[in-house]
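Data block below; observations after.
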């Protein structure tokens, strides 16, 4: 009996340690970046663009703008496709007798799953080969966000599917039994009920765009100017951290930018948590 | 029985899930303005049969059928499914109000079917809620979410929602199995009142419930091929006191197996 | 036109539109594969697939395009990350799902989610500034800090959330009844966890690890920043075979990212070929994860 | 609160019981009256109507069976149904006694009675009153009343003994009247039986209310 | 930057010049553009990286107005697109730098070659105190690397065990922080975090380059498709002009 | 198969019913025998034992109530319980008739009877046989038997009429014997009632088996 | 009742979830070798009370209690919880066999408590499975996963698992609510047999079930503070025919509300 409890205490000690270490890692990474980064953050830091070549002077204004553009444009491409695909896969696919369509659905599912596993550098390669070179979009927000959209479409499809699936099937049956057709049911009942879930998916995708570096490294060009059209190149905050770290000696600036990035991610996570906890509360 | 008006009818109705014959040549006449209960062991096809009345089985791609189901003498398979489902309402096992206000829940069906006028809708919603015996409990806050109601209230809301499109028949698949005994009795009482205006078909696992609520009882059972057959159909009183088939007796007296 | 037919018409249109959206992913996958493969073809043709895969020397300037070293690098760095990260991640998962009091869970779980959200470039930066100098302090000839160990540590932190999250979910989704059933039989909590909960969650945990593996294989930027990028088959640097992890290396992803900007001709094509290899490798890993998950679901 | 339809059904059964009781009660009084008045036709009607009474009692029994089978009543409800079942049997028997009296009436024939009836109508009056009160006690769950009613049966017994002795004296005096006299003794006996049936009903009332079976005889 | 146009001075039409290519030239070009835009508010010069090869290709395919290359333009590239015009805007020395803690001040060309080739592995072999030599280098394809190979390595190859970093900045950081490390970087990146190593007695300074004693030099080029016109021509003129070359010099590169 | 415990309970109730029937049956025969033999003590024992019979019948009733309340039987089970309930009442009444005969025995006193009993033991024999057969029919769900048994009641009726007429003649001849004669008439009457009770039991058997209420009288 | 041996007992037992008093001064004696049923409307604390007997409530951090629960006269709070739970087995609402073989499911408890010997285990497993009336159905393949059994079989497996550690008391929280009527009756019959060796306490929503299976019935109800109180406790027959509290009567006759 005593031995059983001793074993348990030993095991639990290890688990506590694991939990503590995990938190310490987080605290250390984030803390270090904040401690090193905060001193460099001022209003100027946000309102001026990078300048001065290798000196790493200036702030991050243009990179914030670029990041924002990237989020908007990428989501504009990916959201309708992703949500639409998810709707088809969850709401329609199970209800087709047509053999061809069923095959297509299997293929589509495979596509989504494969896409989700593709490493981002391959999206980069692909974006570089197709959008930058073959389609001649050059290093531009357009090229980068098309490649980025490929990255987040599976994320949106998955989270949206999850959200749609978590809508009780009773809602659908209830609506169908009242004489509504599929689309009416989806539009009026299922989508509103899944809205929060879908929006966390979109937010999550925005987070992916904010943090992504590898794809944009080979598609966005890295110009630190404020982009003024879809065809402009640019530099997201994450890319800026990379440039600062790898090209210049401005590690302090890199840290400040990283701190801003991490801060942004924290805010996004909090928002997602808020939304999901509201879903859970329902 | 002979004197009853038939509202729905199945004639040599068989249903297949792919190769599997789930219902085997069912013949039955569901009398109008009565509560007809379907009882039988799990998997005997009660739900499947019930869902044939409003063609909910159409949603399952593998389903094929032979024979005919009639509503008021007309083959349901040849009717517009949207219109059919308006006429044949359905209430499910778990209360499934939409995550909308009470008002919007009830108004959902009428809006679909073209009632847009606000005051018409208000009248309709009130009438439906009164009829489902929920009005007094919710009239003070129709904008409250339907989900915030208790289980029993939710189920009555679902009944109101079904009523709001002015159906002729209401199908209920174990409508009280997720409710506690008190809420269950309320639903049962409600059925008793609704049958004045509607024809009600209910699936239940609970023999006692069938006894309490129904005027007619249909007993189903699977045969050696696991297909569901209608074993006996008759007035509930008769089924519960002098069933004519020994399998019915075994089942209702709990000796089945 | 009656409202009924209008309603039906809309339904049909939407159905088609949505089907097309659903197929977009396939199209993208196809495009990716076709384009990458097309770009990679010249390299495969000129160098030969086998020669590429088995070659240990990568000197585009000399027309040598062996990627075995990169494959080894990717493999080793992932292995290192798994060795360091998995015990920690699983420990955390069990801790969160079964042991920690609620308020601690409310602190730890967001911390781990935050770890997942931090951009990889930030990890890279952190690795360059903190991990690499620390690793450099290990006495071994030629140890510059940059290398597999640093990369594995960074990667371990990066896959920690993936593995911990999915494992925690797997453990949590073990039906409550198992736990109660075991406790009600007089098992201690630890006996319950080790004999019932973890075995029941095993498929989920395994696929969590495999998914983490996939993510680790695909990581790029942070790797470039800390691994040293040398194209060599890693070897032990001292008598201790573990010192292989002090060796510098290059990952498949790093190979692409580092050189794509400068490459032309066969060199560029070879990088695309690297991409193809990476793609296939990760597909293998992921589909085995999916397979495990499916098997677990049964 | 709830179970409205069940309560409604219960009430209906009760109503049926009261109705048939009313008819039996009427027959009982009528049977003695017709005997006094030598109303052959009336007696025939009573005999005929008993068929219907039996039928009604059977129906009540069937209703009880149905409601027990379909509604699964417990506790007071179930006891009530049990009691209704038993009371309806008692009522049916009382109906039979009335029919018996009417039959005797017919057997005696339309001629004048050998002696005027004095105590027999008194017996009927008391028994009828007891029946009325017992049924009221049942309707009102009046345990108290149910406990006091049986005492009155003593009066009936006293009257019956009186009638019996009187009739025996009569026979001894006038042996030729023996047939009619014995028949009248039967009538008194039947009425005495009614008293006992009423006591059974009272027992049922007490059972319904308290759940305890008592023996009031 | 470009906000200069917003403060009312815009009278001339807005022009954008896109410049793509070598990441070595990129910071210099950025500084030049900042200076140029200050005096020409209507002009916006966007500078993207991508590498020398991409720069040449972009110019050839006309997806960018100007391509940047940190090396000589290859014959094959000229063959592919004979229309391209090369504008050398500066010269860049490639300096061998070592970790500042090392007690090594100069090497012979030979020694340097052997060190980078991995044949000399200990500092004691070249007169320093004992310690493993850690070589860092740029990646294959880098203009800096190929220039260094051309100018220093002869037929030898850079050691496989070298730390490879994809940018000059990263090399500088590596050298600065790694004991025993030696590497080569562009002059533009020289600062006091690393220790310049003299080759054959000549320290890597612009003076020594100009004097011809420091041999490791390459051109920094801008490439256009055909002869430039209009704004592009003006901008290129600005670079090769006095103001432009002053910036070049200030950044540690060699004016032409 | 299932509901074992329920079936076991049902069987127990049935057993109790058979047991009490056995006792009643014994008392019935004994009551007439003791009357013949002028066994005062035996008669007293019968009267005493009736208390226990009543008690047992009450218990059966209670068991039926309990099993209906807790087990919610339907169909055949429920009909069976209904029948047990009614049959136990009939049995109890038959017990009462036996007790009545014993009481008369006591009232007549230990002296010799005015005339030897001939038809009355015959009546008892037939009625007792009928009771045995009816209970067997019940035990065996033998609808056929239940339908044929009532016919035998005619014999009892015939015997009763015979006894009655005989006794009337006797009184006319010897008015002083009137008290005892009338008492013997009572005995015969009681036995005649037993026949009717048995018919009721047969009706219950048929109901149990078929669910149909018939009137065999 | 007076003649029964008391196996478990609660004395002035109250239970709080944080501030909320879920059980209010419960006093009850659970007789040995009998089936005691707990009935009452949803939320009246039946499950909570049942879980007090084997201290499953200890798993909920917010729970505090006053008063005492005894097993064989000894305060359960002062006993080793692991040993207590061995003595007081539990069967849950949803059958919860472990995802192991049938054999390992049953052997799980004994192994925990120290039985390692293979043949001992085999004997024990067989005995437990026989006792839970499952042996004949599974004896041919004890290595089959416990999850592959039907719902009713799974529940009997869980009963076997509980029996295998040789408990004195078996707690069952709505053990048949997830089963169909046939499986339900089997479980009920099983309880009837098990009570020869064990003391059984069962929570059920189903009055009919309480009537069928139990010797004693406890009726619980929430008071105005939503705390659960024991309203009436007595022989099931008495509760179902002559309950002494009108609330009990209202509840069992379905008039509650």
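To keep things simple, chains are lettered A, B, C, D, E, F and G as they appear, and every chain counts its residues starting from 1.
One rule holds for everything that comes next: a contact is a pair of C-beta atoms (placed from the backbone, for glycine too) under 8 Å apart; a residue touches a chain by one contact, two chains touch by 3 or more.
Note that the coordinates shown come from a computational prediction; the quantities given were computed from them, not determined experimentally.
Enter the minimum step count from subunit D to subunit G; a value of 1 means the two chains touch.
Steps on the shortest route: 1.
Using direct touches as single steps, what is the fewest number of steps from subunit B over to subunit D?
1
Compute the distance, rounded to whole Å, between the mean C-alpha positions of subunit D and subunit F.
21
Just the number, please: Cα centre separation of subunit A and subunit F in whole Å.
Here the centre of subunit F sits 91 Å away from the centre of subunit A.
Between subunit B and subunit F, what is the separation of their C-alpha centroids in Å?
Here the centre of subunit F sits 52 Å away from the centre of subunit B.
Could you tell me the distance, in whole angstrom, between the mean C-alpha positions of subunit C and subunit G?
Distance between chain centres, rounded to whole Å: 48 Å.
Which subunit D residues reach two or more other chains?
2-3, 6, 65, 69, 72, 74-75, 78-79
Among all residues of subunit C, which ones touch two or more of the remaining chains?
Where subunit C meets two or more other chains at a single residue, that happens at 7, 128, 188, 191, 225, 257, 260-261.
Provide the list of subunit E residues touching at least two other chains, using ranges where the numbers run on.
Residues 23, 49-50, 165-166, 170, 173.
In their shared complex, at which residues does subunit B touch subunit D?
182, 185-186, 188-189, 192, 208, 211-212, 236-237, 240-241
Subunit C touches which residues of subunit A in the complex?
That would be residues 4-5, 7-8, 11-12, 14-19, 21-23, 25-27, 29-30, 32-33, 80-85, 87-89, 91-93, 101, 104-105, 107-108, 110-126, 128-130, 134, 150, 153-154, 157, 181-184, 207, 210-214, 217-218, 238-239, 241-242, 245-246, 251, 254-255, 258, 261-262, 265-266, 268-270, 273 of subunit A.
Would you tell me which residues of subunit F are touching subunit D in their complex?
Within the complex, subunit F contacts subunit D at residues 54, 58, 61-62, 65, 68-69, 72, 74-75, 78-79, 82, 85-86, 89, 168, 171-172, 175-176, 178-179, 182, 185, 213, 215.
In their shared complex, at which residues does subunit G touch subunit D?
207-208, 211, 240-243, 249-250, 252-257
Can you list the subunit D residues touching subunit B in their complex?
Against subunit B, subunit D makes touches at 2-6, 65-66, 69-72.
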